[in-house]
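Both complexes shown next keep chain A, but they swap its partner, so chain B is in the first and chain C is in the second.
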Partner chain A sequence: MSAQAISVALPRPSIPPTLLGGTWSFARREFRDAMSSRWFVLYTVAFTVLAVGVSFLSLSGSGSHGFAGFGRTAAGLLNLIMLVVPLMALTAGAGAIAGERERGTLMYLLAQPVSRSQILIGKYVGLAVALTCSLCAGFGVSAGVLAWRAGGVGVRSFVVLVGLTILLALAMLSVGVLISVLSRRSSVAVGISLFVWLALVFLSDLGLMAGSLIFKLRVQEIFALAALNPLQSFKMGVIVSMNASLDVLGPVGAYASHVLGDAMPWVLAGSILVWVTLPLTAAMVIFARRKSI
Partner chain B sequence: MRGALVSLVLVLATAAMGQQSVSIIHDRIERAQPGDSLSIAAGVYQGNLEIRKPVSLEAQGLVVIDGMGKGTIIDVLAERVTVRGFRIRGSGDSVTGEDAGIRVLAGGAIIEGNTIEDVLFGIDLRESPGSVVRGNTVSGKDLEAGRRGDGIRLWWSHDTMVQGNVVRNSRDMVFWYSENLRIEQNRVTGSRYGLHFMYSHDTVLRENELEGNSVGIYLMYSNSIRLEGNRMRNNRGPSGYGIGLKDCDDIAIVGNALLANRVGVYIDNSPSAMDSTGLFEGNMIAFNEVGVLATPNTHDNVFTANAFVENEEPVATHGRGELHLNQWARDGVGNYWSQYAGFDLDGDGIGDVDYEPQSLFGQMLASEPNLRLFMHSPAQQAIEFTARALPELRPRPVLADPAPLARPPAIEVAMSGARGSGKWMALASLGLLVPSALIVALLGRDRAFAPASTGGGL
Partner chain C sequence: MIVAEHVTKRFGRAVAVRDAGLNVRAGEALALWGSNGAGKTTLIRCLLGVTRFQGRATIGGKSVKRHGRAARALVGYVPQELAFHDDVRMGSAMAFFAALRRVDPARAREVLAEVGLTGHERKRVRDLSGGMKQRLALAIALLSDPPVIVLDEPTSNLDAAGRGEVVQTLQRLKEAGKTLVFASHRPDEVISLADTVIVLERGVVQRVTTPLELWPTEKPVQVVRLYLSKASEAEAAQTLRDAGHAVHLNGHGLCVAVPRDRKAEPISVLARRHIEVRNIEVMDDVRVEEVAP
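Let's look at the complex of A and B:
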């Protein structure tokens, strides 16, 4: 028999049970689960409404003068993004494994002919796509408002803002998934992720402020410590894209601009990227090594 | 593109016309009578030109004077000389020699419509009172900021008009010991100080545009100066100010626009003399990191009918201190503050509650500038919230405006290219919405998790 005849004779599965196919099935399932989750929809709607609201508010002062463009909106959006997006991504990631574990469905997943890391990657990809879509919806509507009211000033900064926000969401999702892998119950995972959120958004900044006052930290030390926090890196990256320099952020920013120069956006994006890869790798290693469920 | 075309034309023209020495022009000046007008034929003239007779040189077509990178290109040594319409390029770069495009050492000169490029100093007037510098374009050599010369410099040249010049990539347009000048409609970009006054009094600066410099207009030790309708935008850097005032008395700053600078107005010990005042009236101070930054000893400035719109900090002091020795309203007219949270119940356009900005984070910044790194973050909001919740932490207000305006005063600000077309932003909006909708539609379709053929569905 020729090879062609064999391939005709055998039934062909619509998704081949390859490495990629298995992962992709899990990703799709996770995506659909996220889309039908009430929390996720609520976050998306809240983010969209707030983003549009901030765009409107920041334009109401400047619209009459007509020279603000996007810069001011971005400053308003920054605070909103730094509060909402990590919360959204951390809690979404926190439910990924711990929820299945608690409901007992994790056993069935592990019984599928796919490896443990494939399950984890599949879940991560599915959630990542869902988060990206959700953010794009919010930003898309907000961009529509800006195009209508303010014209096209600062499109480049806007695109950078969207890109960095997605990167930040992916980083926070990684952390959430790591927490989820380590937690027995989903309530514990969500609790821990809320604490991590609090730590990244408020405690680390306030602690660094106090530290820089008490220990009289030098500017390079303050910058290095701040850039460890993905939220600070995100903020600095957005400001660099708007101003091409960080002098807005005082002596520390001026120092960083002077030393890093054109490499600055890449250093900051790299810092966030580390937060994407490290927790996810750790989660994979821990999840794959677990003998029990 | 246009620059490339111009250089191409220049190269072709040079090749066609050949090159000649400036001695041709020297000879014609030798033969001319004082007061004659000499029209110079198109071509490239190489060398350094000295004008020792009161004549008027008019370029016919494209006339290039090329200094070949040595010394000052045109030296004006006689009174009442006119240099009009030349393209002047390639001075030396000696800082001690102060090599310039055009150096004028006598009064009554008219320097008009020249394009000066690749020079250390552009137009250098020394003891040349009663001159006119109009419609010239100066771009400096490609040097680091500390090595550059001034685009236009006046030294002891009273009663001079400087109008409609464009200066790029230079140090300053600077005025030393020169009084009663008219500085109008000049545009300075990418330089250190746009307009820089040193010990120069009694002058009006009108409708100049200063963008992307370190400082827009810096007045130092200069008195009785009026700034009217100037536009300062995007002047940034570690000491980026829209307007800087250092030991200046009787300054009037009226109807200017200060937009998106690091600091809108920086006031350092001005006014300094007794019985002198500073007036800030009807200015648009918007989108700066700090609207007005003043040293704590600042006093006797009057702020009225200004619009403070969306500045990160409207008013701050350099170090600790307050600005209560200044007047924040005149004759019952205060300023418009976009952060004002008060109300205007009687509808007379004046807020019924004083405007007293209190910012704990702002106060912390004044003593610890490094903390500015945490600007625009939720932690900053947390600190402000704490200060609102705990009155004992609340700082003393840096100023009090007894008559804040309920609506922004009508201030006309004409900025070029501020709006742009919404096309790209609309495209970005669609580019975000359409793919995400598609993905949701495709992946979110209700289909069995695992294909039926594998038989392993959940």
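Let's look at the complex of A and C:
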């Protein structure tokens, strides 16, 4: 078929979207879908209510104002974040591709002039923005309570807490998307993501404790294994950002403080960043190379 | 316009399409004819480059493997049933696909008017009838005015009125010089639209022929579909062929082309051999003079 013949049959130029344009279209659609999803709204409301509740109760219980009050609040929020945020992000990511596949919409989207990477990255970006908005809503109201009760103390630490939480959410979203690419049905993807959540939140701690006793692990090995878990990296990162010593974590924390010194926050943030990039890259490669839809 | 050579698609050990080839000229209408599981849908997916396959396929000279986005930009795809998020409003769906195809949003209104969907933009996809969904899919396919329209059994879920509307639209597109590739179970559609018919059986191209060769007759014909027990289908087909009828088994009964004034003749032929016909469906009118050379 000659170029001339095509132009005769083609009154308007059929140009595939640019890489960025196509990705942006999917990101916008995913963001809108997430924001109108009942589950997502429920998670956002639950996180906001719990965050405000934790902030208020921590400050009331402390009976003090200023940094000590903020420390208690941050500790309370830390535990809440470690439970809720991975669950939100993992389940949101799990539905991204598997849901489209199950509904039969993936085939239709792939038949458009877009690449698989555009679909995947677009969906990831859309969900990431939606998650960030959701978290910011919770943190925003919580920050209001803090400002009212504790004044402007600990603003920097609070910003670091929000930043690390968003980074943790992106990491868990990457894992969720990888699970989604590997699953044929969204129910399976959600089931696997719940198991991963359970493993990261509860089982890894227990496994580390049992492993250190059984294999007589050295402190550096225990620290390395703990830092491999993005949730532990997040926890240590938040504690460090509050100008607190990791000594509260015992010999392992003391060892990490001694060896890593000022590089500690960067090492821990880098560990979470690896969890953002590696699963997402793996998801892209697997999705692009999948033989069938 | 579309060239495929040695296309083979395997699912594990099963071969869905084996060494298929086709060459569709610009402005030509090609029908893929075959029973369920013959490989029509898989071949279409290979041609669109949405599934991995062995062999080579190009659209407008662009390889669907190496330049899939550019190749698919030349194609409008209409699935068996529009698969898109049910909660989305028709207007939003059009806006999304207009952005993907880099088309002015005003063009979306234009094509909705072309397919008779003006005024329904606020309706959600889930609230559309089968016929409206199919017209929406057609509108999306026509957004960028592509030179090639690929349709996978576009009327299989529609009633007679809906089928008539879709076939009329396709006839207009053919007259406008579009290249059509479509899979169909219905002889009336094939006779009305196709210049060339590829007969597929178990993933293998059996014949490349024309509708008139497939259903040879000088007179206006109708196609009747006879429903029999599975066990007697092969014997019935052979009996009717021996009696001089053009017969095709396509997984949805036995399609027999008959002169319009002798529609009951195949039933009499089968009755003489004690083959019971359970049901009969007379397909839409076929005007052979329209497709006669």
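Note that in this section the second predicted complex is superposed on the first by the 270 of 293 C-alpha atoms of A that agree within 3 Å, B and C clash if a C-alpha of one lies under 4 Å from a C-alpha of the other, contacts with A are read in each partner's own complex, and residues count from 1 in each chain.
The definition used in the following text is that a residue touches a chain if its C-beta (ideal position, glycine included) is under 8 Å from a C-beta of that chain, and two chains touch if they have at least 3 such contacts.
No experiment lies behind these values; they were computed from the predicted model shown.
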Taking the superposition on A as described, I'd like to know which of chain B and chain C A:254 touches: first, second, both or neither.
first
When the two structures are overlaid on chain A, which partner does A:98 contact: first (chain B), second (chain C), both, or neither?
neither
May I ask you to decide whether A:159 touches chain B, chain C, both, or neither, giving the answer as first, second, both or neither?
first
Quick one: classify A:175 as touching chain B (first), chain C (second), both or neither.
neither
When the two structures are overlaid on chain A, which partner does A:25 contact: first (chain B), second (chain C), both, or neither?
both
After lining up the shared chain so the two structures overlap, which partner does A:291 touch, if you call chain B first and chain C second: first, second, both or neither?
second
What's your read, chain B or chain C touching more residues of chain A?
B
Quick one: is A:232 in contact with chain B, with chain C, with both, or with neither? Answer first, second, both or neither.
first
So, does A:112 touch the first partner chain B, the second partner chain C, both, or neither?
both
Residues of chain A that sit at the chain B interface in one complex and at the chain C interface in the other, please.
11-12, 14-15, 17, 25, 29, 108, 112-113
For the complex, which residues does chain C have touching chain A?
1, 11, 26-27, 45, 48, 50-52, 60-61, 68-70, 72-75, 77, 79, 82-85, 87, 96-97, 99-103, 107, 144-147, 177-179
Can you tell me which positions in chain A touch chain C when the two form their complex?
1, 3, 5-6, 8-12, 14-17, 21-22, 25, 29, 33, 36, 103-105, 107-108, 110-115, 290-293
For the complex, give me every residue of chain B touching chain A.
236-238, 240, 259-260, 262, 284, 286-287, 289, 309-310, 312, 338, 365, 368-379, 381-383, 408, 413, 415, 418-426, 428-433, 435-437, 439-440, 443-444, 446, 449-451, 453-454, 456, 458
So, in the complex, the side of chain A touching chain B is made of residues 11-15, 17, 25, 28-29, 31-32, 35, 58, 61-62, 64-69, 71-72, 75, 78-79, 82-83, 108, 112-113, 129, 132-134, 136-137, 139-141, 143-144, 146-148, 150-153, 155, 158-159, 162, 201-202, 205-206, 208-209, 212-213, 217, 219, 222-223, 226, 231-232, 235, 239, 243, 245, 247-254
